Amino acid sequence: MSKIVKLKKGFDINLAGKAQKQIANTPPSDTFAIKPTDFVGMTRPKLLVAEGDSVKAGTPVLYDKMQENVMICSPVSGEVVEVKRGAKRKLLEIKILADKEIEYENFQTYNVSDIKSLSREEATAQMTKGGVWANIIQRPFGVIAKEEDTPKSIFISAFDTHPLAADLAFTLKGEEEAFKTGIEILKKFTEGPIHINHDLNGEVSSVFSGIEGVQHNKFSGPHPAGNVGVQIHHIDPIAKGDLIWTVSPYGVAQIGKLFSKGVYDASKVIALAGSEVTEPQYYKTLTGACINKMVEGNLKQDHVRYISGNVLTGEKIDADGYLGFYHNSVVVIPEGDFEEAFGWILPTTKKLSFHRAFGLLSFLNSSKKEYVVNTNTHGEKRAFVMTGAFEKVVPMDIYCDYLFKAVLSEDYENMEALGIYEVIEEDIALCEFIDVSKHDLQAMLREGLTLIQTS
Amino acid sequence: MRQSNTYIIVFSLILTVVLGGLLSGVSQVLGPAQKKAVDLDTKKQILGAIPAEKAALQSMTPEQILARYSEVISSVVADYNGNLVTTNEKGEPIVAENVNIEKNYKKPVDQRVFPVFKYSENGEEAYIVPTFGAGLWDAIWGYVAIAPDLETIIGVSFDHKGETPGLGARITTDEVQARYQGKEMYDAQGEFVSIEMVKGENHSDSELGANKVDGMAGATLTANGVNSMLKNYLGYYQSYFDKNVRNANAMTLNNN
Amino acid sequence: MKFVQKGFDKIKPLFEKGGKYEKLHPIYEGHRTLFFAPKIVTGSKGAQIRDGIDLKRMMMTVIIAMVPCLLFGMWNVGHQYYLATGVDATFLDKFLIGAMKVVPIIAVSYIVGLGTEFTICVIRQHDVNEGFLVTGMLIPLVVPPTIPLWQVGLATFFAVLVGKEVFGGTGMNILNVALTARAFLYFAYPSQISGEVWTYLGDKAPVDGYSGATSLALAVEASNSGMGVVDKLAQTNTALSADFFSLPNLFYGFIPGSIGETSTLAALLGALILIATGVGSWKIIVSVFGGAFLTGLLMNQVAANTYMEMPAVYHLVIGGLAFGAVFMATDPVSAAQTEAGKWIYGFLIGVLTIIVRVLNPAYPEGIMLAILLMNVFAPLIDFYVVQANKKRRLARATV
Amino acid sequence: MSTETLEAPVVKEKEALLSKRRKKFVTDPLNDDNPVTVQVLGICSALAVTTQMKPTLVMAISVTLVLMFSNLIISLMRNAIPTRVRIIVQLAVVATLVTLVNEVLKAYAYDMYKELSVFIGLIITNCIVMGRLEAFALGNKPYDSMLDGLGSGLGYSWIILAVAFFREIWGSGNVFGYPVFEAIGIENFPTNGLMVSPVGAFVVLGFIIWVQRTKTGYVEH
Amino acid sequence: MDLLNLGIKSIFIENMIFAYFLGMCSFLAVSKKVSTAFGLGLAVVFVLGMTVPMNWLLNEFVLKEGALAWLGADFATIDLSFLRFIMFIAIIAAMVQLVEMTIEKYSPSLYGSLGIFLPLIAVNCAILGSSLFMAQRDYTIGEATVFGFGSGIGFFLAIVALAAIREKLKYSNVPDGLKGLGITMFITGLMGIAFMSFMGISI
């Protein structure tokens, strides 16, 4: 049953500052935040707490009016100190000052046999109330899944090929049981298989190896081989009307813990990486943690960009910004806001490039070379020039150029026909990276997805 | 009522009769004028082969042109062997001016008829013959006026359907046509060689000699078309000239 | 460099919103970015790092790939000049006289082209695009050295305006802009560019027996007179050099022709650069040559005129086939954009080139028209390739 | 074809022969509602004859006359025409009028007749004619319809005359056959071959549309 | 060989659109999508292929000067060519109607794709134009048929290619005044340049 897929297309971005596989000994963060903007498609968040309220870990903080049962819960116990709003009173952050000791909301616990007999409805109720439902992402559109849907299959990618990505096996060490329980719960939601996809060339971690009743597939190739969207495309492609759910391994474990321990456990191991970090390593913290404690005194210089998530799909945050809900890494790279004399023509081996146009000599370097890359765009925005390069970094049978053009001209029919259901931002992030005309393709794609979703 | 079949049929019938009647009436009325217009057009082209006449045509009214034509031109029709013909295969009379050269061109050479227009004015004489051929893109045609010595060209007038403007289309200009004046279609040995437009422009007269004319830069292929048109048609007329002019006794030009 | 930067900073307020020359901002920006890669950084969401490439660098790659053709072309203009006038000359002499003839053409092409581009950018208030960098160099390379400068200017203006700017600028055009300029000249002022005498002679008269005709013009002439093309080539200009139109000479490009396109060798050097850098599609280049060669072979079998009988390999080295295949057909904007489409597109260019050459006595240079025609049909090819992709997706859905 | 239905207002008293309302029939198509550049009609026969101004003028006059009289005739018959065969009837009337024009040209302007060849005949299928009949003449009074035809005809005329002007002056150096460049002392004006070819017509018309629409601010979506 | 030559000529060189500007109205109006352009193109090929030979027969045996000779010697001098326009257009309208009805009856699927275009075609200049050219050039019946189909295919190629280009241009920054008709004029002009490559080809 299990499949082996070898991919050729793609591009590995080898950045300097990989996290050492050790867990730092740093005092935990004081403040945590829930950012409604982390949840794609959440347009009408409804706040359940006010400044000054005290919450426990697992206390519902907000929900989307479009999906009233799915609660987003506080990762810690403490006091709501600030509700930050942006333009048009858009809800940005709900900051919580954490207690020394975390107090948990209590949810029902189940043992192994309970879980076997648990009904889908009961499971759904516990998950939506217990703040873990948001881990289930639905394809197409990459939004939080709907409780009433039944997906044709569920996909879990057990490896991450993004630059400077956290090693999932390392971050999930010790979560074997929780992961197993999580899978048992997920099995209730689909008639179809659950796919766990491994790196063909890596060792399969004990976290995943013991799982039975699921389909194990192996993938090889450069990034984005680890992207669950790519994996779906090759194993169980999405056509119009299809639904597939994806869950991160961390999410599976979190679901498991809600049932086995009866708590919303937001703790996670994250990687702090990037060329500007003095000591890149892993940290044990919680979802939504403020990063200031981690980066303080740990940087080579201070003209840097802090990124929650990875460099391809992540989000810029401040030095005292907060880790995103779905993120398991923080990356610090130099800012690139300077003019470079004749930067558009001088030959260099230092600039990382997928292309080999004149003077871009990075292809001569050994593939082991690690690059320091800043945030400069290396060029201005230009008209969309189709170079055919996108096809080389997206290992799917999709004409990205045409898809983007369909999005730009708001041509629903073509977006659908060209396969917009099969991709979300992360799948085409490399296109954005290599794009000669420097467009914000991920944002563009999301616009298209939103158009289709709301039409 | 307006939609009933009977109404539609009656309406259509009336409309057909009215419109058809109108059109045939008009065609009857305009018929003679149209015939005259066609006639005038042909005659203008024929006269245009004589440089002196061409200049004069500009300022003449249609009536004057027609009068002038009947004054100075007399015409005959010859067959491929140079014999004069007066009737076609159906026994109808052939009028030289009405011979459609283009339609003739589609027939095999030996079934074509060849009109000759004889020009005589104050002792100056010329034989004007029509020519037809293929240029680079489409048909080209013209009239060539030949002096009574049957060697020297008095003048030519060319026209074309679709030659390249600025290149091949230059054959309609006076400047290019003037190059043919005075050229001869027999070489020094007395062999018929026609007149050839050479490749490239700005050759000196000494370079060209009596049988060649200066070419048109960039329009060699049109020039080739003109060359073969002249060679063919001037060639076809040789037997007429042999039988009817050189043997002066056989001269029976019927005055038009 | 600091001081240039300061200079720019100093005049910057003039061109910013509310400044005196606010409208001319695109021109300011265009120049500043020529000196400095801009300090734009990535947005707050999405890819936080970007590839080192940009459009300027890509265009520059193409220009560099053209350098062999350009340098050879300059030398060859001089070479032909001295051959035709029967004077011995050194390498430098030849090069200088070539440069004297070619540099003004390049200058006119760039001045008119960039002028048009800047004007339109100011009127429409969009950024100056670097697309013209390549076009501006291509135009001089595809015209004969004898071209009047005003024609170069007019053709450039026409090509930039009608061929590109009306569509919204670089990246939107449907026909290759440089070829549009060349076609404009070809149809607007055919007498200068019809290929009969393409050697710069200055005010000197050529030596006896010299023919300045291009290999293509000779081939057509031979075909018209029923003479073997190779024989004709072998007989022409033998007074100057015994193997003037020999196969190696045709390949090296020591022959009259458009400035940059006589040398197949130089074009192949350019192809190497383009393929190595991945800027030009090797699929297109290979399939153009392949299509041309196979059609040449097929024509050998048909052999209805002497041009058809010419050995197929000659087709690859006479005229501008190599230059067109390498620099024109690969233009990413006007070529087919799907990988499968590129094979079809290139192959058909090759086929059409040979068909136009051997069957169309009016236009000796087939490659130009073949590329333009395939430019017109490239979107259709892509359409069907993409359509097939859509069908695959649809078929999957019904399984 | 646009489907405007300009039902004549119920005016009892006699309207001035050239009232404001009627003037609009003539002036609107000249610019704001030009049949060629705005309504995209009648381009077929507009371009083929425009290499020179003389045949273009003849063409323009012919089209205007056909437009006026077909509008007039159809408007006169508008209450008698059976709807089901409406198109055929219109075609028949137009074809008759065009034949008349053709015969007259053949008789009195043979040069033009030869030059325009089949393009006179193609006025029948000129979309402006059918368009105006459908959109206007079928629902309006004869005099108004005639004015409408005149307006559309003039709107069409000035466009093709403008195209012809540019094509002739750049392509042949002439205006109405008169060599203007020679007249002002420029010998050997390098004529532009592209202008004489069909490409020139498309490009020139493109520019005219550009200028005209930029001025009127009309944007197609 | 002559027929082949004529075929190529009518498809590429004397292309209805690029050489004679015929059928421009539908060429411009129905070229926004390849699929519809394809339908219209097919319909034009079909109708041209039918009507040109039909009109040839009509012209040869009824309208031409002397065409009625087959009725008897008395009729030999009758010239009905002044009825050419009206008869040709009548035949075209009738043929289009007939074709429409036939297709509707026998192939509803084809009717679904072609049906909406057929009424448009009656007033397509290219159809009448081809018949008039045929009459003017004195084609034989074989030539007329080839010419009819050739012209149709030429129109088909042109409109499908234009539609593909327009789909490609959907996202492009065309100046306001040029949107739609204006830019299409320029595209057509440029396509015309490209089509010139065939001018002069003869086999």
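Order of writing sets the chain letters: A, B, C, D and E. Residues in each chain are counted from 1.
Everything below uses one rule, namely that a contact is a pair of C-beta atoms (placed from the backbone, for glycine too) under 8 Å apart; a residue touches a chain by one contact, two chains touch by 3 or more.
All values derive from a computational prediction rather than experimental measurement.
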Please give the intersection of the contact partners of subunit C with those of subunit D. B, E
Name whichever of B-C and C-E has more C-beta pairs touching across its two chains. C-E
Farthest chain from subunit E, going by the mean of C-alpha atoms per chain? A
Which chain has the mean of its C-alpha atoms lying nearest to the mean of all protein C-alpha atoms shown? C
Centre-to-centre on C-alpha atoms, which chain is most distant from subunit D? A
If you average the CA atoms of subunit A and of subunit E, how far apart do the two points sit, in angstrom? 58
In angstrom, rounded to a whole number, how far apart do the mean CA points of subunit A and subunit B lie? 85
How big is the gap, in whole Å, between where the Cα atoms of subunit B centre and where those of subunit E centre? 33
CA centroid of subunit A to CA centroid of subunit C, Å: 46
Among the residues of subunit D, pick out those that touch two or more other chains and give their numbers. 88, 92, 96, 99, 103, 193-194, 197, 199, 203, 206, 210
Contacts with 2+ other chains: residues of subunit C: 162, 166, 168-169, 172, 184, 187, 189-190, 361-362
Touching two or more other chains - residue numbers and ranges from subunit B: 19, 23, 26-27, 136-137, 164, 166-167, 221
Kindly provide every pair of chains that touch. A-C, A-E, B-C, B-D, B-E, C-D, C-E, D-E
Which of the residues in subunit D end up touching subunit B in this complex? 80-85, 88-89, 92-93, 96, 99-100, 103-104, 106-108, 110-111, 113-114, 171-172, 191, 193, 196-197
Subunit E partner, complex, touching residues on subunit B are 19-20, 23-24, 26-27, 103, 136-137, 221
What residues on subunit E touch subunit C, complex-wise? 34, 160-161, 164-165, 167-169, 172-175, 178, 182-183, 186-187, 189-191, 193-203
Going by the contact rule at the top, pick out the subunit C residues touching subunit A in the complex. 1, 4-5, 33, 35-58, 60-61, 64, 127, 129-130, 168-172, 273, 276-279, 281, 332-333, 337-339, 342, 386, 389-390, 392-394, 396-397
Using the touch definition from the top, list the residues of subunit A that touch subunit E in their complex. 383-384, 405, 408-409, 411
